[in-house]
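Both complexes below contain chain A, partnered by chain B and then by chain C.
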Partner chain A sequence: MDIKVRLFATLRENRGKEVNLEMKETALPRDIIEKLDISEPEVAILLVNGRDGKLDQELSDGDVVSIFPPVGGG
Partner chain B sequence: MYGYRGKILRINLTDHSYKMEDLDHELALKYIGGRGLGSKFMADEVDPSVEPFDPANKVMIVTGPLTGTPTPAGGRYMVVTKSPLTGTIASSNSGGYWGSELKFAGYDMLILEGKSPKPVNLFIEDEKVEFRDASHLWGKIVSETTAKLAEEAPDKAKILCIGPAGEKLSKIAAVMNDINRAAGRSGVGAVVGSKNLKAIVVKGSSKPAIADSEKLKEVVKLSRGKLKDNGVTGQGLPTYGTAVLVNIINEGGVFPTNNFQKTYFEKAENISGEHLAENFLIKRESCFACPIACGRYAKADDIEGGGPEYETIWAFGAACGVDDMKAVIKANFWSNEMGLDTISAGVTVATAMELYQRGMIKDSDIEDGLSLKWGDANSMVEWTKKMGLREGLVGDKMAEGAYRLAEHFGMPEVAMTVKKQELPAYDPRGIKGQGLQYATSNRGGCHVRGYMISPEILGLPQKLDRFAIDGKAEWVKIFQDLTAYIDSTGLCLFTSFAIDAQGYADLTNAVCGTNFSDADILEAGDRIWNLERDYNLKAGIDPSQDTLPKRLLKDPIPEGPSKDHVTQLEDMLPKYYEIRGWSEDGIPKPETLEKLGV
Partner chain C sequence: MDLTQRYIRNESMLSAEENSRLRSFKVVIVGCGGLGGHIIEQLARIGIGHLTMIDGDVFEPSNLNRQLLSHPGNLGKPKALEAEMRVRLINPDVKTDARHVFLTDENAESLLGGHHIICDALDNISSRKIVQKAAAKLNIPMVFAAIAGWYAQVGTIMPGANLLDKIYPEGVEKGAETQLGNPSFTPALAASLQVAETIKVLLNKEGVLKNSLLMVNTLDHEYQVIDF
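Right after this comes the complex of A and B.
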């Protein structure tokens, strides 16, 4: 299945802003960060289709996964 | 007296006299300083029914016991007065180097009273206090005012001033210091302007005494370590500043666009923190004793200056449908030069754009070939200037803020305000606790009275479901109380991403020689919150104003990840009143006030 991964802040370094991945049917966000060489502590905010996501949730074809390192302010 | 300097400088602007008074130590420890102590002096000295521009209104400029000490990010001061924008008590906070310098001059607070017969500047160098004519500076923008004052000021003096917006009594005018730091919100700059005071120059030569220097070294090291290790304060804010939030908030579909008519901005990348850092950032800036250094300094064409911050980028960007970062940098620059609050200014332009969209502002109302079309970046910059100078019909009305602008043009419901203050950059329909916080904020629409974005979006100190209702009233109360305490210490609120209530107690205890527990910290915050509430009620701000614009209560988010949500305020407000110890009608119960000693 196809997953669109959107990366932000320092996670863009050497990876770009957006990556389209072809994953196996049972893929989890955990598999995506492994594939992109992102360590777990680097994932501060994980969104699946804009909603709070978990590293172990099942993804579906066409999902958009957004990953942010620890950032914030206001 | 440790931490505090023990002195108040009371300035009578009417007859250009002053006196120094002793600070009541017991009272200080009860209300801490900054926002709390300033509010206490307002409650004791200024009738809540006073008109904000009446000379009987006062301006309290207050540091905290930790301002000007080695505590991390301890450089803040507060401007406390009755707001011309909201009619509530206002306390606006600023960083930079002015607050610590006031402390070095030997004062915990200044009380500005009366009204000068003509424009005047105040020069303070330790015990020397002078009133000097400001006629030559009246009408000057902030950088020019600051540069001219620096010529006649002692070396390394710090300068606070208002811009043309404050002079012209714009209800969204800020008090500026160090050129581009702002006590921005609630129109505090206009109250200073109403007193014909242009600037306060301050230079000091001594430091506050510390109760336990060895202990302080230890707790400062510990808290600096926490700030460094925390991903937000150690990496995110230093690298990208606050602007990094643009993409986070937009991805969650809660990034108010076109004046909250949409919540996702397709062109957000063009105004993101990443884009700013890559293309426009010249350097980082830091405030007094701050290890975070979140401040930005950016350049666009021939304009350069401090900022822009996340809120500013949003207000002049997505709120107006503008995706041109250069224009945002320029509007931010002019906002600072005019001495306008960037949130209120941007939202007011957005409100004008919606009024135009709905035919309430007509082409015939607009001068100088400008437009009020969504996304017109160049016009947006020009409107900022016109607002600051009150030029033209629309510019003049804009200077009154979004609510009064919309009211004038016959459609007040398009003003995205709470208690007539413009809302900031998070759509509360998809962040429920933040909605409750906006509705109950003691200074009207504001995100930094209890930053629920931290748990609901960023996951700090823990992740909450942003769409859930349960438990949000309790979280909002704790965040509001802790914030009221931090705002009273002289520390920057951003330290709270890494430091908890016990950490603040440890810092306060080492500086002041107190023995506060984390519970004491929250109780002091609760006391301050109730004092402000009590003042507002007496000022005629009744609890029916604990609400949000109808759009946020009734119109579901039309699209994206937060689709179909509204702010379920009625499901959270009763619980909030209950845990605050207030009646069902939102009035603090006598026993609550008594318990807190208000």
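Right after this comes the complex of A and C.
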């Protein structure tokens, strides 16, 4: 299945803003971050089609996964 | 000098009744640094009745690039006390309470209790979660913001909503700011958005980012609101 991954802030470094991935039908967001060499603590907010998502939720062909790193300064 | 016209430029945007109600609110700002300096300045100028300012830190040279209340003459001085002096200077009508202490699990409820709203202007994730927990217990809304480089996040956490648990992974203490740093303009922008949220919550206005997060990217001009 084809998954569009949108990356934000520091996660864009060396990866770009948007990545199109061809994944196995059973792939989870967890497999996507592994493929993109993003560690779990770097994933603060994960959206699937704009809604709050989880690393172990099922995906469908054409889904858009957005990943934001933590932002904590003041 | 006659200062009766102090609030004249607020009066088209807010009704006379709303303007006078601002004088009856007590707001607590946790952190008097990058975000906090701008929040305190703006809340004092708009005429909030009482400001409690909490920070256990003192100003240091690395604050000068962004922290509104810092200048070479007050390095080494407590941020909370400097904030109070600034409020007294710009608007003596505002009642002030400066607390030169760090907020902890032990003192959070006693420091935050009795206020109408909490402005989170902290710089670390664990302290923010302490504020969120105490705010839920005290039934007080909390306006949250965090920044890193070109990026900012702002949201309003209604009591018990636990937004921070959804946007910060367990055990993560710092974010992208360790890589990107803290410039002058993102804290000022995020703080202004926090003040707008604060005024709207206090006056029961529509359009509050209730349990939502505004994500700001000033580098590419991407702005989006995510509902949780």
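In this section, the second predicted complex is superposed on the first by the 71 of 74 C-alpha atoms of A that agree within 3 Å, B and C clash if a C-alpha of one lies under 4 Å from a C-alpha of the other, contacts with A are read in each partner's own complex, and residues count from 1 in each chain.
Everything that follows uses one rule, which is that a contact is a pair of C-beta atoms (placed from the backbone, for glycine too) under 8 Å apart; a residue touches a chain by one contact, two chains touch by 3 or more.
What you are looking at is a predicted structure, and each value in this text was computed from that prediction instead of being measured.
Superposition of the two structures on chain A leads chain B and chain C into a clash. In the superposed model, A:47 makes contact with both chain B and chain C. In the superposition on chain A, A:10 contacts both chain B and chain C.
When both complexes are overlaid on chain A, the residue A:72 reaches chain B and chain C alike. In this superposition on chain A, the options for chain B are 128-136, 146-154 or 272-280, and chain C clashes with just 272-280.
When the two complexes are superposed on chain A, the residues of chain A that touch both chain B and chain C are 8-10, 17, 44-45, 47, 50-52, 68-74. By the touch criterion given at the top, residues 230-232, 235-237, 239-245, 247-248, 251-253, 269, 273-274, 294, 310-311, 425, 447-448, 451, 453-454, 457-460, 463, 465-466, 494, 497, 560-562 of chain B touch chain A in their complex. In the complex of the two chains, the chain C residues touching chain A come out as 31, 33-36, 121-125, 128, 145-153, 166-169, 171-177, 179-182, 187, 213, 215, 217, 220, 222, 226-228. Across the complex, chain C is touched by residues 8-10, 17, 40-41, 43-45, 47, 50-52, 68-74 of chain A. Interface residues of chain A facing chain B in the complex, by the touch rule stated above, are 6, 8-10, 12, 17, 44-45, 47, 49-52, 66, 68-74.
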